[in-house]
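Just so it is clear, A, B, C, D and E label the chains in written order, and each chain counts residues from 1 on its own.
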């Protein structure tokens, strides 16, 4: 579907126009939104708007990096919004021409819906133009990163305190998945941050200069998201390393217990085995105090072993 | 609450004014401090002071990164002080206008109290202006980082030498918590350092140029804190890695002891088991020297095993 | 073999010329392709084209890094295409002169074949010149990296989910091989990316300036490939670290089971061994309830041990 | 103590002057050295020399980072020398004014003593001025880093080859301490290197420009020390990682031996236990070849197990 | 020994001159090579050539970093060649004056010998000057790094595939030694690369500008060597980490086998021990089917244990 919105000083904001109507109107600016366009509609990018073939190719092809390209009479943006449920990147393409903005997206884009609603509610239309719409879209796309990253952060804190009392296997698996998500998210956030930096420092976009503080605010938010992602990846690394250290320590303790027990009982078991043998000629068996002597020997061996381990510090 | 302080050459320093009084006064400079302001008071940022809506939004919303924004007739700072007890970041917002400084904070801010006390005690009021107050606040906020980071450093040194004789589990957990704290602190210190760098190198803040050495001193302190944090994180990594290596070594030693004992006693226990069987026809049992021969065999096996391990270097 | 293609306004596109024909023609531009050239043909680089000896040396010698050198009357490129089957780098050398492009490669180069086919099919020959051919070759070489890197990414995802149910040894070995491949690929992609950056920002290549967006598109692709490689190397690191943590945990669990079993049965086995001894004078053996008492003791010992481990949390 | 040295063309080099004498003299340049000054003497920094209060504060307070500050009529240096015995940083502060140098240090500073001795021995006093003294001090402070870092390097090489035949615990502990020392040293060397870089590239210090090659030489040395420190930290990391790998391998080997022994003898011990039972009705016990059959079974089981492990490659 | 070579348009290339002859000649350029000079000869650097004392000091003292210093009338280079057998750095110092080059080295330097031979064989002496000789020396020194780094790379590949079938201890030790060598080599290559970068970008060396492509070629080679070193260090890290993971996995498998065996046989051995006791009153011993029941119990226990482990997935 193609949604056409235009504004003229004379007629005010007009929605749901057709492209034909747009051609005949005397507008101040217009916004055309391609939402999940048909093949027919896609062709209009070339035939009606005459956008650069490379930009159109980037629209149609599989997920690009967020990017910013300057063509002769328009600027082309590829933005990545992140789908909150599936953490999947969804592309929003923007062609910014003089007094015109064209957006293109294959999936429904909530950020655009919000921007549209804000546009309708705007009271002072004198401040609204194509750069205002661009700002609104960028702002909404970036705002949407925060709940996602905060959710991951909460998950990590949950893993750290293990409030759900999960098994270690589950915890480690969850940790790995959170790291994976952070990695995926970073692949969106870093190029978006670099894109905003270029938006702020280019001389191609005059409309940005007049609203510099607004676009700088978005850049700030992207830096913050990138910071949180980096911190959380370090945090997960710390949790895993700590777990590894702790586990290594516990294995060592367990080994020591096992060794102490084995070292004490193995000789004893051997001794009692000796006198369980059925040889006819075993002189010790017939002595009066043989049994007593064996007990004394065994207790002596045990105490000796115990003292040895004590001195090695295994019971500290 | 709103605290208004103003200075005029005529009347000197005046405290606890109202905003109405301020409007009528002929002051040299003034300082308005919003401490845990009511919703009513918050509205004054817009209605009385006419600050930029983006700056006001940053004041009201959840924790921003430390930042520095230039608006047409004022500069906006977001500072992060760190609460010493809970290591929590607390935001202090500053609007710096011509001959005017407005501070805004939702929690009590000890740094501001100290700055205020210094102001009262100032003898030479000719040197005091809004930049002097800005310097004092920045200086106190940054000074406050040092005891926190030194405390963490002391904790880490304690962990390294383990003076409290804690169990390994506790030590590892403490180490992890210290790393977490350093990470949190770094998230405050790095953006503050970058902010001071911008304060020093911007052309927007004339008052800084006249006191460059003072603001550079704060920047130096921030670099030092960042250095200490980085070193201490490396130190904790080193402690943990060392512990892991040591543990791995001890596990190996324990394993060797267990193996030596098992390898020596298992065959012996098997041999005595053989002659503990109750078969009617076991010719060895009835021989004169059977028992002696078995002992000789067992001693031989033991010595053999022992020599084998000796040669493998397990007793070195 | 040497393939000569030339274009003149008069005669149009002419293929399979000889170098002699080329000398006599009045062409707009020409393309000479050295494919697995004989030693005789190699000498033409010097004798016919008079290229710089350092550039010719780079052609002939073993694999260089991708590079870009400016000589007085020509520019020299070393590109690396990657052979998809064996992941081996193959060198394509390009001499770009005024209205002339000479390509040189020792193995068959599919990227050049595709570029040639595109050239033949070009309808508007006015837009075709030596820079167009350069762009086509670079584009095809870089496009070819994507299926390779995606294949590796798919492999890694397969390893992570282990759909083929491989043994752990195989998985770890596969992971190592994927990391190796990514390392090898990175050695091609990073210098190629830097080369494209220089192509975009040099003042030596006028023809690039007119098609800046096309060459920038290739640069974008190289940045994307580099990003994917970096992410995937981090991903493999994560998988390995997770596996290590998990394994360490399982070893610990196994150790605990072994220890519990040993600690419970070793004393019991010792006790029954004691009363299996054949001493004539063992008073316990003749008492009425001796056997019962031993059972009670053994059950008591078992329950005690069990409770001890329970309290240590080994059954949680 | 305060040591005053001054030079005038008329009187030559004069030592052990008082500050009063200095006031009345017509000197070319002078050097005042505050060594472990009393509180009285400290006050002279302000009252006699009128240095900037921030610089004086840096003198008196606890260890600063090495730093370089420009004030209106003097430049302030904080240097860190390293005490060779205890690897402790000691601060040397320098105020460099026009034709005047003032040094300040709380502990005895051998570097200054050497610089002083060189001054006395100088034959051509025309080349000596305050920058010459600054150079000598910097040079001696930096020269002093080398024996320290070389000593650590020797220690690490000793640890690697373990010539003293120390226990593994000791080796790991030593390695950790060396890493700690390198970390501490780096905290001195990096800021000193950055300071020298600024000394070389500032326009504030004219006297440096005339002796650029001399100060550049110090900078070179600092880069070299920083290089050695970085390499040695990597080296210790390598040693520890190698040790960890080796240990993990040995634990695995030991485990395999233990497992082989247990797996062979446990079933055998069980079998002989079975025929050690005292049931009245155990038909096997009364057969003619029971004992022989049991031996055959046990030998069969042993060989089976042995073959199984052999095929698993545990004896390779 | 000092070798003097000079060239004049009149007399052509003259070898084995003395310094006295050099003074009287009217040469175009000369090359003086100090090879393992005596103390007498060393003094000529100052007395005959009047080089800067700092440069002479760098010649004489222990191994410097590769460096480049500009003095008033000469440029000073410290190069590091690497001895192929012992991987030891050897210093080659070069003083480049106007129409003069002086080389200084304490050990025989094969790179210089090759450069000399090339000089003799040069046909077109009009292109030969001091910069040509400098280029030849740099080129030969850098060319010599390649076989060394390739040898290390081959070693690492051998370790990875373990074609020599070495024990794990040997492999790990070899890996560690290769990493050490790469570290040492990097300490030579990185400063050499930075030196060449400065050579290319300085305005002090006019002769380089005319042969820029030649010196750029050396710089390219140094970047390539640095790349290979970095890749190979990552590769060794990968090999070691993989080995660690694999070992951890094998230890776990071995532990599981041991645990399964112990858990199955320990209770059985206890049971047969019970009925090996010699109590007079053990009612089970006298029953008709006691022995059979015990066997049934033992088989039941074994199957139960086996099923339990099966369900835990230890036999997958």
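Everything below uses one rule, namely that a residue touches a chain if its C-beta (ideal position, glycine included) is under 8 Å from a C-beta of that chain, and two chains touch if they have at least 3 such contacts.
What you see is a predicted model, and the numbers here were worked out from it, not measured in a lab.
A rotation of 70 degrees, rounded to a multiple of 5, brings the CA atoms of chain C into register with those of chain E. Between chain D and chain E, two chains of identical sequence, the interface residue sets overlap only in part, with shared numbers making up under half of the total. Between the Cα centres of chain A and chain B there is a gap of 24 Å.
With centres taken as mean Cα positions, chain D sits 38 Å from chain A. The set of chain D residues that touch two or more partner chains comprises 244, 248, 251, 255, 258, 262, 266, 269, 273, 276-278, 282.
A ring topology is adopted by the chain contact network, closed into one cycle in which each chain touches exactly two others.
Here the chains link up into one ring; start at chain B, go to chain D, and the full order comes out as B, D, E, C, A.
Listing the residues of chain E that touch chain D in their complex gives 52, 54, 64-65, 67, 69, 71, 168-169, 172-173, 175-176, 179-180, 183, 187, 191, 240, 243-244, 247-248, 250-251, 254-255, 257-258, 261-262, 265-266, 268-269, 272-273, 275-278, 282, 284-286, 288-291, 294. Contact residues on chain A toward chain B in their complex (touch as defined above): 213-214, 216-217, 220, 223-224, 227, 231, 234-235, 238-239, 241-242, 244-246, 248-249, 251-252, 255-256, 258-259, 262-263, 266-267, 269-270, 273-274, 276-282.
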